[in-house]
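In the two complexes that follow, subunit A is the common piece, with subunit B as its partner first and subunit C second.
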Partner chain A sequence: MRLRKVAFYAVAILFAVWTILPIVLIALAALTPRQELYSWPRQFVPSTISLESFQFFVNSHGVLASTGRSVIVAVATVLIALLVGAPAGYALARFRFRGKEAFRIGILLTRMFPTSLLAIPLAVLYLKTNIYDTILGLAFMHAALAMPFVVLITSSLFLKVPYDLEEAAMTLGCSRIGAFARVSLPIALPSLVAAGIYTFVLSWNEVFASAVLTVHNRTLPAHIISTLNVSPLNFKFAGGFFMIIPALIFIFIVRRYLLSMWGVAINK
Partner chain B sequence: MPLLRKIPLPVLLLSPTLVFLTLFFLIPLIQVSGLAFQSQDSVFTLANFERMVRDIYFDSALRNTVVLLILIIPVQLVLAFGAALIVNQRFRGSTFFLYIYAIPLGISDLAAGLIWLSIFTERGYLNSLMHNLGVLERPLIFLSSLTPKWMIAAIVLTEVWRATPLVMVILLSGLQMIAKDYIEAADTFGCSWWQKVRYVILPLLKPSIQSALIMRTMLAFQMFGPILVLAGRQLPVFASESYYWYTTVRNPRVAAAYALMLMALSLVATWIYLVVLRTREEQVGVM
Partner chain C sequence: MTVLRKASSLYLLVFLVVCLAGSAFAQEITFSSTQFVPIEEQEFARNHLLAPFTEQTGIKVNLICEDDGPFFDRLTAEARAGKAVSDVFGTLHGNVPILVAEGVAADLGDITAIPGRTYISEFVNLGQMDGKQVYVPWMQATYVMMANKKALDYLPEGADLNALTYEELLEWAKVLYEETGGPKLGLPAGPSGLFGRMLHGYLYPSFTGYQVSAFNSPEAVAMWEYLKELNKYVHPSTGIWASMSDPLLFEEVWLAWDHTARLTAAVREKPEEFIAFPAPAGPKGRAFITVLTGIGVTKGSENFDAAMELIKYLTSPDVQVKVLEGTGFFPTTLEAVDHIPDGPEKILADAVSRQAASPDAIVSLLPVGLGGRTGEFVPLYVDTYQAIVVMNRPIQETLDAQWALLKDLFESMGAEYPNP
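Moving on, here comes the complex of A and B:
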């Protein structure tokens, strides 16, 4: 019995190491002085922690600007997706109406299409309508990718807020909107924020559509991917590590909601 | 406002999503077939598909797309199932392990590609490790057209590392829906651990496995960052070819044809999963 327990923990720890080790390695690579990066034999741990690569990356042409754009696109994506999708989620949770199942299945189906299938025709459409290569155009695309997630997650959030509470508020004189704003919204707010953060990360990480829909106004992933062939190793390593830092922080913040979000968004 | 009041509330709440999805989903979706099946002057043609199929990269792109999928998905499924079983044990610190295992969920495929580049590049960690172990004097070159197997291995590892947590989370939420009674009944009959997994857990988990497979396969077909970072055009796949045709060749029509091929592959895979993992009536009854 004892042996089994040890074996169990060993496997659990092994899998944790497999997950963590590559992140530690890219962090070390990003903090290695440039010269050591190209030397042989190469040591695992750099002789000194150096911010040289980071400075080089941040000061490279286009990096700061594209990072700023990434943030703006992500924030716009969150706003659009929540404003458009959350009411539908609320309706799915609170009302019975004809075509509800069809709507739900339709929403689920939108997850089945590859990004390229949307990004390429949207690029052509955008060129005609002059929103090609704009922050807003890309945010719309990202919001379309996030929409099924936002609708389904908000619907499951509002299902968890008992309708009785809203009804009670209404008998006490609240309007429907008042009852929603004073009762349901505050209860659902933390999970709504978690859903928003998740949407932010989705946009921050998205590569294909960003690379296709922008030319001069690149987001960070689009900038990195379009300069892959000309950028040196230290730029790539610092860039890789730089991109995962916010994602790590966000995942840490929403960690309690991970299972409910992913479980709901995928299994239902 | 009086007009608004006449519209039923659910319709009012659903309409923004419907309008949005029509504009940014339905219309592009119709447009993509228009692009792929029409010439410049909007006449029906198969020329774009012909051009795609005749391209020197097409055959290897098709092969690589399928091969990568076959190599990645089974490994991922087994690893994810193992990880989900571990976390589902609810021992002390199990939530801690869940957070750790879930970390790659927040990492983009591009960043994951860069992470594994630091391992597989010529002066990277893998060569360094082998040198320290005394196996190697000079660094090996893994990522070149002369070593396609190493390139595939690097991409498979990247994708397994990054996306296994996604499968794990789906399976885990499936595991948590299995009623304790079944496990307890199996315990009462003296089932071994393996018997419990094989005859109780796996059959009950089938719907979750199915949706994980469908989801994962669709996303694996789209994998794009690691290909560009670790191999470039030396290892073309459908997703990266679609990108090249749009950005480098500037031909959105062939790019759209590639996108449709990707969709077709996803549909075929989904159909296979639905047939192979069909949940029979009596099993539905059990659940």
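Moving on, here comes the complex of A and C:
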């Protein structure tokens, strides 16, 4: 029994180190003075903490603006994806209709083609409809990319909400929509939030569509890839570290919901 | 629900503010570039080149720097949609035929009439495609060798650093390997490295006299045998390196070949530790590439005159000298060539001018006329290197097979072989 416990903790620690070590390394490298980063042999822990590379990166053109834009695009993406995707998921879970299975598979179509293949036609379409280089346009694109996941996740969520409850509500005087809004929705809310988080992260990380569909209104990943791809190492570390901070904070806040997506309950 | 309402109204507010902020300047042009991509160069271009331009002319410039992929995709889409969001494009000479094929580039007219700027005439000719002047020569660069000064102690006897031969380079790398206990020669042969340029523009013409036409000749076989021998003393991480500045600074290698712009970070960081020198010479001479970047105006741009103002400004002598200091790119006008400054850049500038002035010089030009298939040229050489040197396939057979592909590439596009 003790041996099992030891093995369990050993594996747990291994996973923790696996996850945390790269973050620690990138944080240390981002805060290492540039000179020291290039000296040999390299110190694991820098002799002094230097914010120089980090500051240069953060203050360089467009970083803060693109960070703000990334947040706005991600929030807009979540709103659009949930507004369109959740009803579709509900329909898949509740109703029987002709072509349901085809629809379920068909929804994956948007993920079938690599974005790089669609880049030029998409950009042409965006230019012609005047949504090129707009935050809303990019949010549409991200919502389209997230849609299959949102529909499939929400449909499995609504399947878990017993239909009996809705029926009970309706016998007590609720309309169909009222039953959905007052009964199903509150039960499904934590899981909907989880689907939202997934969408948020997808939009936060998405780089290809952002790079092609925007010119002046770059999101953070698109901005980072265009500025740091061939930049010296110290800036890459600074940019990488800058990119993970918001993600870390975000995950820390919402991890409770994230677990509920896989049906694991944890105590508050 | 109130939280949601607040969040959505806040979002709308921010959205409006961002939209309004974007349209504040009177005249604004957008400059899409595949140059100035590293973050420090971008900051340099914005603060030291474009900010003074805006002050002088009142024209605001939005600089968009990106990789080839998004750059082509966006400009192509803009041309097809008939809406030029970008006004000015700046890219490598070799990329321009793709833009011309997609109808992106406008005719700039007679650029030799621009006063105070004598563009190097060979470059002006290169910028003429489909009977139009599609770009103005903007900046040039080349590839040289760089060594940590510690390596000079191991230089083979009788070898002159400024007139090195490939045989001496091999000897040098071998001595370094044996005396220091590890390989000290590095090449940028990673996925985004420029090693392919060394194969077609440096090694091939130096050994065979031609970039393309002697691809599978006996001289080429001798060259590949040389490369296999040299590879014994090449650092094993060579296959992942994109730029040699970092490996030189880390002292993973003491000896490297790369693009001047990709060596600048090393000399800037430790100017006293490094020395740059011309590429080695082979049996046929000392071949090297001159890389040319051009700057042009997009077809359908509503700001043609403002765009031309920017182009004239960027090719004025004092700005070209500033560009050299800031990015390591060399001037393209005769007026500016005379004013090369002192400083870490001088280390590279010296090597570049010695290389250009060497008596056995062979100038390799990048292939023109491959159109949309331009991007297939270099990979043919890199694949050959992979097959022969990395996978150890038989030389003659591999060369014959690759030669068929190479010949087909030029024949199907109706292009002439690049000089030499």
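One rule holds in what follows: the second predicted complex is superposed on the first by the 218 of 268 C-alpha atoms of A that agree within 3 Å, B and C clash if a C-alpha of one lies under 4 Å from a C-alpha of the other, contacts with A are read in each partner's own complex, and residues count from 1 in each chain.
One rule holds for everything that comes next: a residue touches a chain if its C-beta (ideal position, glycine included) is under 8 Å from a C-beta of that chain, and two chains touch if they have at least 3 such contacts.
The structure presented is a predicted model; accordingly, all values stated were derived computationally and were not measured.
Using the contact criterion defined above for the overlaid structures, shared-chain residue A:211 touches subunit B and also reaches subunit C.
When both complexes are overlaid on chain A, the residue A:57 reaches subunit C alone and has no touch with subunit B. When the two complexes are overlaid on their common chain A, residue A:179 makes contact with neither subunit B nor subunit C.
In the superposition on chain A, A:38 contacts both subunit B and subunit C.
Residue contacts after overlaying the shared chain place A:188 against neither subunit B nor subunit C. By the touch criterion defined above, A:116 lies against subunit B and subunit C together after alignment on the C-alpha atoms of chain A. When the two structures are aligned on the shared chain, A:229 is found in touch with subunit B and with subunit C. Annotation for subunit A, partner touching more residues between subunit B and subunit C: B. Of the two partner chains placed by superposition, only subunit B is touched by A:140; subunit C is not.
On subunit A, the surface touched by subunit B in one complex and the surface touched by subunit C in the other have residues 38, 40, 116, 120-124, 211-212, 225-226, 228-229, 233 in common. Within the complex formed with subunit A, the residues of subunit C that make contact are 7-8, 11, 14-15, 18-19, 22, 30, 32, 37-40, 42-43, 46, 62, 64-67, 69-70, 73-74, 76-78, 80-81, 83, 85-86, 192, 242-243, 245-246, 249-251, 265, 269-270. Across the complex, subunit A is touched by residues 8-14, 16-17, 20-21, 23-25, 27-29, 31-32, 34-35, 79, 82-83, 86, 89, 91, 97-111, 113-119, 121, 123-125, 127-129, 131-132, 138-139, 161, 165-166, 169-170, 172-174, 176, 207-208, 211-212, 214-215, 218, 221-222, 224-225, 228-229, 232, 239, 242-243, 246-247, 252, 255-256, 258-260, 262-263, 266, 270 of subunit B.
Per the touch definition, subunit A reaches subunit B in the complex via residues 8, 11-12, 15-16, 18-20, 22-23, 25-26, 29, 37-44, 80, 83-85, 87-88, 90-91, 95, 97, 103, 106-107, 110-118, 120-125, 140-141, 143-144, 147, 151, 176, 201, 204-208, 211-212, 221, 224-226, 228-229, 233, 236-237, 239-240, 243-244, 247-248, 250-252, 255, 258-259, 262-264, 266-267.
The touching residues of subunit A, when paired with subunit C in their complex, are 34-35, 38, 40, 56-57, 60-61, 68-69, 72, 75-76, 79, 116, 119-124, 126-128, 132-136, 211-212, 215-217, 225-233, 235.
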